[in-house]
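For clarity, chains are labelled A, B and C in written order, and residue numbers in each chain start from 1.
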Amino acid sequence: MPTTSPAPAEAPGGDAQPPRGEPGAAAVLGRPAAGAFVAPALLLIAAFLVFPALWTLYLGLTDYRLTGAAAVNPSFVGLDNYTQALSDPQFRNSLVVTALFVFGSAVIGQTFLGFALAWTMRDWRSPLRSVVEVLVIVAWILPGSVVAFLWIAFLDGQSGTLNALLGGVDTEWLLETPLLAVIVFNTWRGTAFSMLLYGAALSAVPPSHLETARLAGASAFQQLRDVVLPTIRGHILTSLLLISLWTFNDFTPYLLTRGGPNFRTDVLPVFIFRNAISSGQLGYGAAISTVVLGVNLVIALFYLRLLRERT
Amino acid sequence: MGGWLRLVAARVGFSAFVALAAAFFALPMLWLVFAPFDPTPTLAARPAGPTLANFRDVFQNPLVLTSLRNSVLLALYAMVLVVAAATLAAYALSRVHLPGRDLLLYVLLLFSSVVSGTAAMVPLFLLVFELGLINTYLGVTLVLTGGLLPAAIFILKDFTDTTPTSYEESARVFGASPFQILRDIVVPLVRPGMAVIAVWSIVNVWGNFLIPFILLRDPDLAPASVVTYSFYTEGGQADLRLLSAFSLLYSVPVVVMYLFVQRRYGFRFYGGIKR
Amino acid sequence: MAEVVLRSLVKEFPGGVRAIDRLDLRIEDGEFFALLGPSGCGKTTLLRTIAGLEAPTEGTIEIGGRDVTRVQPGGRDVAMVFQDYALYPHMTVIDNIAYPLKVKRVPKAERHRTAAEAGASLQLEATMERRPGQLSGGQQQRVALARAIAYRPQVFLFDEPLSNLDARLRLEARSFLKRLQHELGTTTVYVTHDQSEALALADRMAVMEAGRVRQLGTPVEVFRRPANLFVAGFIGSTPMNLLEATVEDGGLRVGRSRLPLPAAAGAHLAAGDKVVVGVRPEYATLAAEERPGAIAGQVTLLESLGSAFLVSVEGDGVRAQVTVPEGGQPAVGDRAFLVPDPGRLLVYRADDGELVGAGQPAESAAAQGMRATPP
């Protein structure tokens, strides 16, 4: 299951606490007690989340290896790893594959499908709606290894269900159109988040806004474009941000294709895994990780800039 | 008149779309519904049998049972640690105002979306290695917990923010210590939030592949996520009878938990939307 | 002895907001003391500071002769009843009442006995095993009271405990509360924004505005002789008439009418001084013919108060109200003369709103040991 997190719809600006609660509340808890309470979580986060991220920056500048001479005595190699990466065609391939993967399955696939489902069913109260929602969510919840195999079976050339439904087709999808298959797979897997988020956002659009537009003669499409989308712009951006980041860092394609055939689905997480853990080139792997972190940062900043631009 | 027709056409169109989408989501899952009960399952999803023979095979397979037990253990360890640490932290953070607190939480949240696993694979591996925790559940638990905490705190803080401070203040005036207040008043009040976090942690850890894959060496320690994968990648034809039943057993707990949370609390989005 | 003494108390919040502005106050042992004022005047902050939930920026607090300024909230031996009662929803009524004793580590049997007694004294026996959510508003309020009583503190602190009850219940609860406090004899500090509540309940009260005490005194004093325009406008179920006037020829010119100038005030005023005349609608009568010292005008509005009418009289740019017993009310449009009782006329300086000839009432605060800080 992809790492799930709730979607904050607004970047933080202020504190929701009433001023009266501040010093008074401190009297209830007291600074020392509060510090003690926060300490365990903060320690764990610092040690296993923050520190590794920072350490990556350093490791990328070394030639750390799992075995061999450099494992015992790693040395500082400066930007060698980075230049190696830039001239590594496999790395460039991986970048492209990842970009296509993110764009295809997250930005387009999950967003459109999720929004379309949320919009279509927004006023439905029938059990059919619950059925659809359950199906979509279960696709998200099932463990990754199981889901990967379900799709391997589904897409199998000889006996897969898809080919059975399509009649006399015997395309080995995972071998002939691997990237497309993986994109469709990830769309299937992750639509639930967008669907739920847009569902909640749509139900928060004041009906009076829509009615005003309808009374003014706007068609359903125009209402959607002129009233709904601007109102939920913040949610769209937040959703895009989160699913872009999650998809960028998703390791699940490995379970489907292991990056193949011929590196055609070699997304960056798989690339890192192969180079760092499998081949033991930790320094090189760390450098790639830093690049990944950097790209994530750029993506995040890009979306946050768009988010801040609203109104 | 034409407008009425357009309305009907739209209705039909939308319904067709939803039906197609439903089919899209259901089809790949059908295998999990049929194959475990099929005495000779294939890769295609087709109703056959039904038989429970596959489950008998599973229960007699020590590797499978061990892996399921391991998944349970890992999920429980992480759940306990996450709930404990997150409750304490969320309570403290929502009562004491620190400058930049919200920004920090938000940043940590984004961080945890990005850093858990893939981008920090290398340093996490090295860190756990240096701490001598490779191939231990402690190592796996600590790493998983670190990744889950920011979101858990974020969710719980929403709960603790909405419990009125007057309860704690009245207890404080009566002389209760912060610990007594936490135990007697706050925890009972945020129990629903803690339950959500607990379920969410369990579900996340249950399906997590990468961390146990990297940090555990012993096949005996491998949880079901890793073992399932190894089942269908070990060379040769996978034993579909075993794999299907195993997959179903492995999947059922999380589906049940989701349905339970859905029934009890509704699948809402905390923080942000609910304004 | 559980008197509460506040000296030079200041509470400033980050951002420069002064919720309490150099306050000196002495609340006697066993007294029912009300803090009255509009929202934002600092009364709740003051209460919370006494409780220890807020730390004062400057000044000291003493309870029962002990300096508690630096003492933690739990160590001041006070019980606070909140506006929302703060009943723990997951505990039964008896556990709620017994909770303060549980904190003090009183053994279960004993604390349940004490809780049961406190509950019984407030007619809560039937509800002991229920949860707060299953109780009515009035019952919840009594549980909150029982909890405070069971704690047997030196001081009760009440933060608008009746404002969540509906009107009829509020009046009953009011009488009940007064009787209870009288029986227990515990020093009580009571915050409210409802002036009728403060007048009914308090032995003495402080009327606050913007962090300062504008008047300190018994309800009778505050009602009869408000020390300034703020208090005059705040106290009284029917608003006091506050009429602009000028001192002229030993009298007061109000519009085109002439009112008598009370001697106590006249000693401090000179001709031409601008003042504001205050007279309560209850302290005036209505006449149909011209009278000396009356305000002439036309009846513009009649409001029924049940057993009396509130009659609005307007003329020459002056608008005043008078209460008239039922049966004696005029018709709208009638010519009428509003005759204030000269002994109840209050004169305020127009520039600073202070009562002229204040002498006696403001000094009685000093006589009681502590002067209210002059604004």
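Operating definition for what follows: contacts are C-beta pairs under 8 Å (C-beta built on N, C-alpha and C of every residue); 3 or more make two chains touch, one makes a residue touch a chain.
As the structure is a prediction and not an experimental result, all values here were calculated from the model.
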item	value
Higher-contact pair (C-beta pairs counted), A-B versus B-C	A-B
Centroid comparison with subunit C (C-alpha atoms), farthest chain	A
Euclidean distance of C-alpha centroids - subunit A vs subunit C, Å	60
Computed distance of Cα centres, subunit B from subunit A, in Å	15
Inter-chain centre distance, subunit B versus subunit C - centres from mean C-alpha coordinates, in Å	56
Subunit C: positions in contact with at least two other chains	52-53, 73
Sites on subunit B at which at least two other chains make contact	169, 172
For subunit A, residues that touch 2 or more chains besides their own	22, 24, 27-28
List of subunit B residues in touch with subunit C within their complex	164, 166-167, 169-177, 180, 184-185, 188-189
Of all residues in subunit C, those that touch subunit B in their complex	51-53, 73-76, 78-80, 82-84, 86, 88-90, 99-100, 102-104, 151, 157
Residues of subunit B defined as touching subunit A within the complex	10, 14, 17-18, 21-22, 24-32, 42-45, 81, 84-86, 88-89, 91-97, 101-103, 105-106, 108-127, 142-143, 145-147, 149-151, 153-155, 161, 165, 168-169, 172, 178-179, 181-182, 200, 203-204, 206-210, 214, 224-226, 228-229, 232-233, 243, 247, 250-251, 254-255, 258, 267-275
Contacting residues of subunit A [partner subunit B, same complex]	1, 3-12, 14-17, 21-22, 24-31, 33-35, 37-38, 40-42, 44-45, 47-53, 55-56, 59, 64, 113, 116-117, 120-121, 128, 131-132, 135-139, 141-154, 156, 158-162, 164-165, 188, 191, 196-197, 200-201, 204, 220, 235, 238, 242, 245-246, 248-252, 255, 258, 268-269, 272-273, 276-277, 282, 285-286, 289, 292-293, 296, 300
